[in-house]
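Structure first, then comments.
Chain nomenclature is as follows: A, B, C, D and E, assigned in order of appearance, with residue numbering initiated at 1 for each chain independently.
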Amino acid sequence: MKNLFSKKNLIWLGLLIVFFFLVQFLIDIRVITPYYRTIVYWVGIFIILGVSLNIIIGITGQLSLGHAGFMSIGAYSAAIVMQNMPDMTGLLLGMLIGGLVSILVSFVVAIPTLRLKGDYLAIATLGVGEIIRIVILNLEITNGASGISNIKNLISWPLLFVFVVLAVVLSANFKNSAIGRACISIKEDEIASEAMGIHTTKYKVIAFIFGAVLASVAGSLYATTYYVVKPETFGIATSINILIIVVFGGMGSLTGSVIATGFIGIINMFLQSFAEVRLITYALVLIVVMIFRPQGLLGSKEFGLDKILGFKPPFSKKLRKEKST
Amino acid sequence: MQQFLQQTINGLSIGGVYALIALGYTMVYGIIKLINFAHGDIFMFGAYVGMIAVMNFNMPIYLAFIIAMAVTALFGVIIERVAYKPLRKSSRTAALITAIGVSFLIQNGMLMIMGANIYAFPQVIPNRFFTVFGLRLNMLQLVIFATSIALMIILQFVVSKTKLGRAMRSVAVDKDAAALMGVNVDNVITITFAIGSALAAAAGIMVGLYYIKVFPFMGFTPGLKAFVAAVFGGIGIIPGAMIGGFAIGLIETYVAGYGSTLYKDAVVFIILILILLVKPSGLLGKNVKEKV
Amino acid sequence: GPKEAETIKIGVNLELTGEVSVYGVPEKLAFQLAVKEINAKGGIDGKQVELVMYDNAYDTAKAVENATKLATVDNVVAMLGSATSAPTLAIGPVAKQYEVLAFTPSGTNAKVTMDGTAVNPWVFRACFIDPFQGLVLANFASNTLQAKKAVVMGSSSSDYAKDLAAIFGEKFAANGGEVLTVEYYTDTDTDFSAQLTTIKGLGEFDVLFVADYAARAGLIIGQARSMGIDVAIIGPDGFESPDLNDLAGGAANVNNVYFSTHFSTLSTDAKVQNFIAAYTAETGEAPSALSALAYDAAYMLFAAIESAGTDPVKVRDALKATTNFAGVTGTISFDDLNNPIKSAVVVKLENGVQVEATIVNP
Amino acid sequence: MSYLTVEHLTKNFGGLSAVSNVSISVNEGELVGLIGPNGAGKTTLFNVLTGVYKPTQGKVILNKDGKSIELSKLPPYKITHQGVARTFQNIRLFKDLTVLDNVKIAMNQQAKYGLFGALTRLGKFYASEADIEQRAHEFLKKVNLDDLAYDLAKNLPYGKQRQLEIARAMATGAKLLFLDEPAAGMNPQETHALTEFIAKIRKEMDLTIVLIEHDMSLVMNICERIFVLDYGKLIASGTADEVKNNRKVIEAYLGEEE
Amino acid sequence: MLKVENLNVHYGVIHALKDVSINVEQGKIVSLIGSNGAGKTTLLRTVSGLIKPTSGAISYEGNDIITVAPAQLPMRGLVHVPEGRRIFSGLTVMENLQMGAYLRKDKAGIKEDLDKVFKRFEILYSRRNQDASTLSGGEQQMLAISRALMAKPRLLLLDEPSMGLAPLLVKEIFNIIREINAQGTTILLVEQNAMQALKIADWAYVLETGTIVLGGSGEELLNSPEIQKVYLGG
């Protein structure tokens, strides 16, 4: 308990509260216009997605290309429940159901596929994402190709904020624990990890399920933000967009994913008026960033987490003093 | 039975297309371990070049093939030099993202230059049919089938039996060590990309001739399927790409013909995953455990 | 109140990139043509019309962002788009929230103009809805073609196909016909030989209904003909495209093909002929049904603005009150659900050329 | 009963018999050497002992606290849980992590909280983390690596990396260590230091050690018993002197003294 | 034959080689010893062009080779056997050897050298069609040296050839080095096994933390008490 309310954690809490009210105030006085708000929502939802995929790819080293599939589970669960219960209870219930279904699906999927390595895993997870999408496309309850429209819009800054903070904090806690260390050791060297007594399959599965559940939560938020869910939204392209966030921010860097999502959100906002060149510019930015910063914006480092947010530095950053020779 | 055979022919011909694209995919992958996500778009580029050659310059089709393959090879080499080469020493995921960026760039660049419309590839080879034992065979189906097998054999020979092939494989394993043997690593990679891209162009034209439709996004789905095919057969292994291509073509066709088309792609992926569970490095992949 | 604007701003929210841009781009061109024409005539009430255009790339999130920006930042008088149903479904609630009308030329899904079970007063469309064409084509098949047995093909990835197939099946059965099978494929397919082989194995039938756009319908026509399936092929307005013949492997394959549409290039109506000429001159290609619908949507909107001024609410009311607007796709009024009331045309193609146009009412 | 018993162990790769019908036993607290020509199957034997490969035939039994455990039936991580750990012929540290983290990962077994505790940080989380951290430091002090605790493993000099790999293996709580060529690539002075290091940790922590080595100065100095493999077969075993003078060993491995 | 003058190499901020100068005369064996991380490998890699130096000069047979691409050097007879074997996995033993002769065109000569290699290392012959990655450590080392010999080197750079080899083979390797040298190949040898390295060396250098601290004939160094203490375990 004492540690939970350590000075650092309290400072962190304080900062979050200040940030929350600052943004709320800016929304109230319309400095953050309804339009900017839509950008904020996008960024928030994709932060959750980026961070959750980072747990799987960046922390545990398992390349997954089917993340949007789990997003769709949450999105559809929320949409379906909210058809009958178009209120906050419905949303939360949908989110819960989505989370449970995601646990189930990701568990069933993870056990066999995570035995695969590298590109084989990538293609298997891509397949999983596609299978989920195709199943949704053909189910009655999901309304097939048309998807579900007219979903009650319940997104708001407080709601978004709560879930984004929850997702990021839980992910950070995940990373900075014995479980996170086990996952990182798997990424570093699976054979050595196993030799250190780490049940690699178990941890890979845990990380995968954890990421899937968070993606599902993000999906539920997506549904209540954008009125419509349809199968195409959750295809490979979306999985790739999430992957881009992870690599852009830096594999293994949760704060990197947060910053990268903001960055991409802003780029997209500026490019909005340039229909034809929008994607070309986006592609060029992507290529150029990768060429000049292949490790992503932050590499595997976290952005001042220990200083500002009060996390103990589990992966110390003390640099080696240059040994004078 | 008759219908089953007909479906098999259908499956082999669409599989031939996947195989053709997968060959280039696998080849590039085999040498620089890059999932060249843009390969499908290079295929699309090749189809456009071929189409323009025929449509706007009235070239005979064989010349269009040569021109498209050459131009696309050059295009592939430029992409490699500009976008991929700086990332040789970076992580593979960074390279993958770059490849995705290149894919976006080619698609949308083409969209901007040629517009969103769907072009129809000029039907310069009359689409002749003949009936054998009651089965309808299409001239182009045969051509695609034969070409993919011929190219597979040639490529396999080049890679496994020639000096260039040895150099390619050495570069794949260890660039520095290969350089110490006197291999010009950059050139080998360039040649690899040139060959891979030329193959993609050939596939592009053939698909143009057979399926007619040419548009900026035509590369995405076949590219993805070809990638799946390459993995299916064991990525980096040339005969694997072909077997994977045919396997996927057949599965798709049988499912569409006898089951539900709705689940066609899902069935392909389920079979893929099942096969990977038994053979984690693809049908022809060697299950070597890393020697520690 | 806000300073009187110099120009009349109309928002456009379309699929301009990505694969679905085949539908968005022709509409963009038609909008631009209409604006160019109206501005050349001195604009509306002496004010020039300006399009504020954003790409939604067929992404519902982008569509919402764009609509919000158009409504709240650009303060447009009204919004045009999107070309397909899904983004339009996402735009609808935004239009309602900020009280700016959204007018889709071609979003055919019945729910587009709905807000749950009630009508969304802020969404209009210029095309007929899927059920309508399904009825028209079923009647045409039974009555004009005297068909008894039909086979349906359609894309499983679009509600367009699914709705059309369902309505067609119901009506065709009610007319005493039988649908032997409905074969689905996906949007990304180019090879339909598996489905066609199966269909061929079903035995004799009279008509093949392909519920899809030309991009795939063309290929299906070509592949069906080359497999020796030579029954009548019918389809919806999606068939209308300058590329249909090429995609079918040449005009020679496009025989005994019928499709329902909004207007026929055979029409002797000067308005239609002028539009075809102007569009072709401007863009270098012949107009499709989509561009015709977009062109009409733009002019209906201009007319509403002309009569109501630039207040979005008044514009909406004026549009709603549109009666017998004479467009290139017919004479249009709106029903209670903001859907156009107009008749359909069924066109017959021989050797890829329109040879006959029949006006059909449901 | 001896501590570790290898019974008629065979490991084939395709047609090649890398280890064939090898029977060995090691007593608790012993320091045993495993030598033999290149390709004799030493590393392969280690790989089977630590579960990386399943044996083609035969079994491996560990007698611990009166129980006998068939290691050859367990996956690698469970073998480690039985107090058996190894180093690798080609160093396999977690290169991009610090020395401290390398050790903490090896100590992962000791974490006293589960997923829920990790995510919420309720319960024993902070106490357990502090404990692990402290013990990792204590351990590093014991092996003289504490001043490098915050260096990335890949930045360590080669000799230190070897030491760290041994330390990491010990940190799993292992009582039985398999060291694969710990002195490879070291000069005599470094080898000497390593020899002392091994002797020291062994004494302080009551370890049983089996090591593969080609550096005879090390093997002959500290190994109490030596097994010699050739072409996958055990050709000799005994004390340093016995082995040194065994004809077969001289012919196959040592060569004539000059 | 090879002259390195005032060579400086940096890895980022690490100054790995400081004003290093060495001289390798034609026909000689020159050994380079030093502890781990002294910079021995760095020196060899710089000579063969894999690393670009910050300053200094390298001349080989009288020509400056700093600007020459690494792939050009085997053609000129300068061949490097890298640290850690670096054999091509996935290629068979035979193909690895053929890679050694990559730049050679004389088919007959290649065949002859291949036979020589197989005679010298019979184990390689028996494994010639096996994937090289499954060879044992020692077998791989033999392969790596043999592969270099296939290039007919005039100057051979050897980086720790005895690492990981059984004692018998260590002797064998040093014999082979002598033999190769006797047949006219100049050798620059980096070794941890200082005793052997100094024994066969005509000349030797000691590298410590990036600086050459000592140079002399093999015998001189062998008898130097300092060297005995640190490098010979005496």
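Quick note on the criterion: a residue touches a chain if its C-beta (ideal position, glycine included) is under 8 Å from a C-beta of that chain, and two chains touch if they have at least 3 such contacts.
None of the values given here were measured: they were computed from a predicted structure.
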Graph distance between chain A and chain B, where chains that touch are linked: 1
Of A-C and B-D, whichever chain pair has more C-beta contact pairs: A-C
Relative to chain A, chain with the most remote C-alpha centre: E
Geometric centre distance via CA averages, chain E-chain A, whole Å: 50
Centre-of-Cα separation between chain D and chain A, whole angstrom: 40
Chain C and chain E: spacing of chain centres that average the CA atoms, whole Å: 74
Chain B-chain E separation of Cα centroids, rounded to whole Å: 42
Residue list for chain B, restricted to those that touch at least two other chains: 108, 111, 262, 265, 292
Contacts with 2+ other chains: residues of chain C: 17-18, 156
Junction residues of chain D, two or more chains touched: 43, 52, 88-89, 92
In the complex with chain E, residue positions of chain D that touch it: 13, 35-40, 43, 89, 157-159, 181, 184-192, 214, 216-217, 252-255
Residue ranges of chain D touching chain A (in the complex, touch as defined): 50, 52, 75-78, 80-81, 85-86, 88, 92-98, 100-101, 104-106, 108-109, 111, 113, 115, 117-122, 125-126, 128-129, 132, 149-152, 155, 168-169, 172
Parts of chain E lying in touch with chain D, wherever the complex brings them together: 33, 35-37, 123, 134-139, 141, 160, 163-171, 192, 194-195, 229-233
Parts of chain B lying in touch with chain C, wherever the complex brings them together: 3, 6-7, 10-11, 13-14, 108, 111, 115-120, 123, 127, 129, 136, 138, 207, 211-213, 215, 217-218, 220-221, 252-254, 256-258, 260-262, 264-265
Of chain D, residues touching chain B in the complex: 43, 47, 52-53, 88-90, 92
